[in-house]
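Same chain, two partners: subunit A is paired with subunit B first, then with subunit C.
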Partner chain A sequence: MLKVEGLTVRSGDVELVHDVSFDIAPGERVGLIGESGSGKSLTALSLMGLLPEGVTATGRAALDGPDGGGDDLVGVPESRLKRLRGRDVSMVFQEPMTALNPLMRIGAQVAEIMTLHGTPRPQARRRALDLLDRVRLPEPAQIARAYPHQLSGGQRQRVMLAIALANEPRLLICDEPTTALDVTVQKQMLELIAEVAPALLFITHDLAVVASVCERVLVMYGGRVVESGPIREVFTRPRHRYTEGLLAASKLTPRGTRLPTIKGSVPAAGRFPGGCVFRNRCPHATPTCEDVPALTGDGHAHACWHPAD
Partner chain B sequence: MTLYLLKRLAVLVASTAVAGVVVFAFMALLPGDPAEIALGVNATPEAVAALREQFGTDRPPVVQFLDWFGGLAQGDFGTSYVTSAPIGPQISDRLGVTAVLVLGGMAVAVAIAVPLGTFAAVHHRNPLGAAISAVSQIGIAIPAFLAGILLVFVFAVKAQALPSGGYVPIADSPGEWLRSLLLPWLSLGLVQGAVLTRYVRSAVLDVMREDYLRTARAKGRGSTGALWRHGLRNASIPVVTVLGLQLATLLIGAVVVERVFVIPGLGDLLLNGVAGRDLLLVQGVVMVLVAAVLLINFVVDVAYHLLDPRLR
Partner chain C sequence: MPTHAGTPQTEEPAEALIEAEHVSRVYHRPRTSLTKPGAAVRALDDVSLTVRRGERYGIVGESGSGKSTLLRLLCALDQPTSGSIRFDGQEITGRPERRLRFLRENLQIVFQDPMSSLDPRMRVRDLVAEPLVGLGLPAGDRVAELLDAVGLPASAADRYPHQFSGGQRQRIAIARALAPRPKVLVADEPVSALDVSVRGQILNLLADLVDELGLTLVFVSHDLSVVRHVCETVAVMSRGEIVESGPVDEIWAAPAHPYTRTLLRAVPTLKGLL
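Right, the complex of A and B next:
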């Protein structure tokens, strides 16, 4: 349904995302994980056509319609993207506290996304109430009249989800939607997303979160997909050394033992080594790693010269 | 909202009363007895005493204040010690002229600053946007009276397109009225407009970085549409603060500009009063100016509450 091929994102001469390819099937929930600075958010923003000024995407990303027609998402003019954004692809952002206009009532902000895509205003207003109910906000009528500052972070994120779902998009993108929320609220939010999402691209750095929501996972590092496959396989039998490190670092360790970490930190954009981008932090790196490893394997793929087994 | 309005109204009344005390006290502290001034140096003590009694300046200051301030509440500003004319009507005649001058100047400033500042913010990365910033910087450095003199030189002396001064009441000829106010409006408005442009620019720039603009674009708005629908009202909140401060500045600027353009406004009346040692007149005009500034602050605060639901 979504087909991304050779997506590359650049800021000037610096390549931030390099040759990323993946598919999402209808109804499939795919996780995109990696540390901060690995290019996850840029990948998502380029699918929305919302890259920051001066950052450009090349490659192909196409959204197949139910009728077989495809809509390109990358390299098309803003006027065409505008029609797809919020109608066919929607996004929920990380920061619910600042993502809503503080001067506008909730109901109007939910209705706006529908009127923008042709729904008559009274109908949009009515449907806004249904949507608020659907994301399990109590007393939708009251919430619709409220201003954002009168809601909690969790409630605001539900509103964002209601907005994203309003036009029944084919693809929902969530960028760290629960990172800013309390743990208790987080769980409810994740269950809700898993329940209502059509097809889902879920970005997070939290492995537990991705395991609870997604069926398949893409691991990104240094702007590349280094491993991909079904959650269960990738998490129980990681092949790429980076994935292995991530998983080791996220495990609960017995008291008194050292927390395993990945040595060093993510380099700044443009400072990744040539060849395998992970080799300067990898305990298994050899001179072979100066060549770029290809992402190989059916189903469970990895790009590593010295994979774990 | 109603409760807030009542509270704020109470503050307005209280601060006006305090301002009244301050204005009265300052005038009372000034050396010189109105009766002595009126009668000149050769007057007999008896005549001065008689006149004092007539003016009421022989009474204790507190009684004088209450009498004066109580009169103000009913629109009675007292009678001039110098000309024996009632002061209230003079002030109300002039107040209208100054109000038109100041509000017109403000309108010019807003008309310049909002589009220009917004444009400069949206195009802050390219030369034209930067040029607008630079020019507005220069504008800030020019005082209103200098702008007035320059405008007179260009439009009245060189081009002879507009009168260099004087005022025609609107009732006499609306066209001439407009022509007589055009240069004064511009000289007040251009400078304030330059100042305001910078504030509008930075307010819009701040708003452009806000997450909710990205949300608006994610809904399917273009960047211009998002800025119009979600950005400008948010940007107007800091701008309104500056606008209030500027109105007060304009009121003071008007005193000078009225001189430059020979416009019979409050500033002109104030300067005449000072020159003629007409203490009660000066006191009345100063009180009106102070009250106007307090009223402007009141309006700004109420505007905040209307604009920003977080304050309600």
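Right, the complex of A and C next:
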């Protein structure tokens, strides 16, 4: 479905994402996890052709068509991307308040994405109501007439999902879609996303969230994929020391005990050490780590000189 | 309100430090008609709680539950519509700011987002010393001492907030809050904006400081599992009311109120999923 090869994102001389490769099969739900500053959002934005000015992506990302034809997503002109974005690939962003137009009624915003891609207006209006119903918003007709500020955060995020699904995309990208939501609302939203997504790239920093939605996971740090594999395997038998640290830090031990932490903090872009990007925070680092470890292994792969076993 | 009996106590419970009794706060929506007043919103409805000296008290709830309103009232940043709040035996409601000095000296707050709670144009030295200046207390070597206590190098004093990561900025906010040697530290979602690897560092730091300085901690969070790690007592809020309160371990093991059960079930945990 989606095949990404050697994706590299640069801003001037600084490499923000380095040689990222992964596949997503039809119907597969893949998680992309990592802390802020690890390059996960840039990876997603480069697939959407939405990188900020001055930031460029190289490499290959191909989206398979239903009829065997493929569409490139990286390094193609905006005129081509414009036809794909919102139709074949769509994205749900973290902040539903800033992603929606405050001056447009909900129904019109859902319909707009369809008319932009050639659906006649009356048909788009009708379908907008179906979509609002599909994301389980109560009283779709009433919601369609409302403005974004009249809805709660969870409702707004459902509207974003309706917009993303409007043109039956082949790939849905969700960037921290539930971070701004309450836990009870988050649960419903995650169930909905898992149910409706055609093929999913799900970005989050929350390990438990990714485990509840995805089947496979890519762990990013310092702009590189440091570990990848089936969720259950990666989370129960992490190999890379960063994944191991993240998992340990996610577990909240009982009161009175020390929480396990990863020492230091994520360096700023361009300040990661050479060789293994994690070595300045890694308790197992040795001089060997000054060389770049390759991502190796079938299925469950890791890029670490001293993997956990 | 279901309450838990609590663990049998062998010693006398510590004296009450913060006591809120039947506190309500009603906001008025802007009017939408010329003839009728705006609708009233009961943000807090008859809430009572007692925080004892040295206690770690957690307040849990989702957005709109009233936890932020309650926090603002406990810190005298807002006035209740009715009810009384006492701090160390003294009533803090209805007082003008100039008569709240004892509270400002003894209760300090750490906010959720260290990017917006620290003035970007002030150096760390001035940020940390500001509460002292405001209270007319001498700063002296206090800044260096505080930076050391929160695990920041002394050189941090000459830099600006944007030069620090989220976790380091939260350390600065904690140093600032501790400057006037308060008895009570109020933390409003202090780790919600932080990455998981840094969250542990800040929670460990808070636990150490509370122990070393004998602080009373009021810890507000949407995440019951974080509260369970930090606090011994918890109040669960929903729709402006405390629906359940008691020892956190008991509520965690056997939530009595349906809302608490919903909240617990909704939190995704790795253990349950793998």
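Operating definition for what follows: the second predicted complex is superposed on the first by the 309 of 309 C-alpha atoms of A that agree within 3 Å, B and C clash if a C-alpha of one lies under 4 Å from a C-alpha of the other, contacts with A are read in each partner's own complex, and residues count from 1 in each chain.
The rule is short, and it goes like this: a residue touches a chain if its C-beta (ideal position, glycine included) is under 8 Å from a C-beta of that chain, and two chains touch if they have at least 3 such contacts.
Note that this is a predicted model, so its numbers are computed, not measured.
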{"item": "When subunit B and subunit C are modelled together on subunit A, clash or fit", "value": "fit"}
{"item": "Partner chain in contact with A:C289 - subunit B first, subunit C second, else both or neither", "value": "neither"}
{"item": "Partner chain in contact with A:M1 - subunit B first, subunit C second, else both or neither", "value": "neither"}
{"item": "Touching partner for A:A57 - first (subunit B), second (subunit C), both, neither", "value": "neither"}
{"item": "First (subunit B), second (subunit C), both or neither touched by A:S36", "value": "second"}
{"item": "Partner contacting more residues of subunit A (subunit B vs subunit C)", "value": "C"}
{"item": "Angle, in degrees and to the nearest 10, that opens at subunit A between the C-alpha centres of subunit B and subunit C", "value": "70"}
{"item": "First (subunit B), second (subunit C), both or neither touched by A:R83", "value": "first"}
{"item": "Partner chain(s) touched by A:C214 [first = subunit B, second = subunit C, both, neither]", "value": "neither"}
{"item": "Subunit B versus subunit C as contact partner of A:T184, first or second or both or neither", "value": "second"}
{"item": "Gap in Å between nearest CA atoms once subunit C and subunit B share a frame through chain A", "value": "6"}
{"item": "Subunit A residues contacted in one complex by subunit B, in the other by subunit C", "value": "none"}
{"item": "Subunit A - residues contacting subunit B, complex", "value": "48, 50, 53, 78-79, 82-87, 90-91, 93, 95, 98-104, 112-113, 116-117, 147, 149, 160, 163"}
{"item": "Of all residues in subunit C, those that touch subunit A in their complex", "value": "62-63, 165-168, 195-201, 203-204, 222-223, 225-226, 228-232, 248-249, 262-263, 265-271, 273-274"}
{"item": "In the complex with subunit C, residue positions of subunit A that touch it", "value": "35-36, 153, 182-187, 190, 205-209, 211-212, 231-232, 235-236, 245-247, 249-255, 258-262, 265-266"}
{"item": "Subunit B residues touching subunit A - in the complex, by the definition given at the top", "value": "125, 210-212, 214-222, 229-230, 233-234, 307-310"}
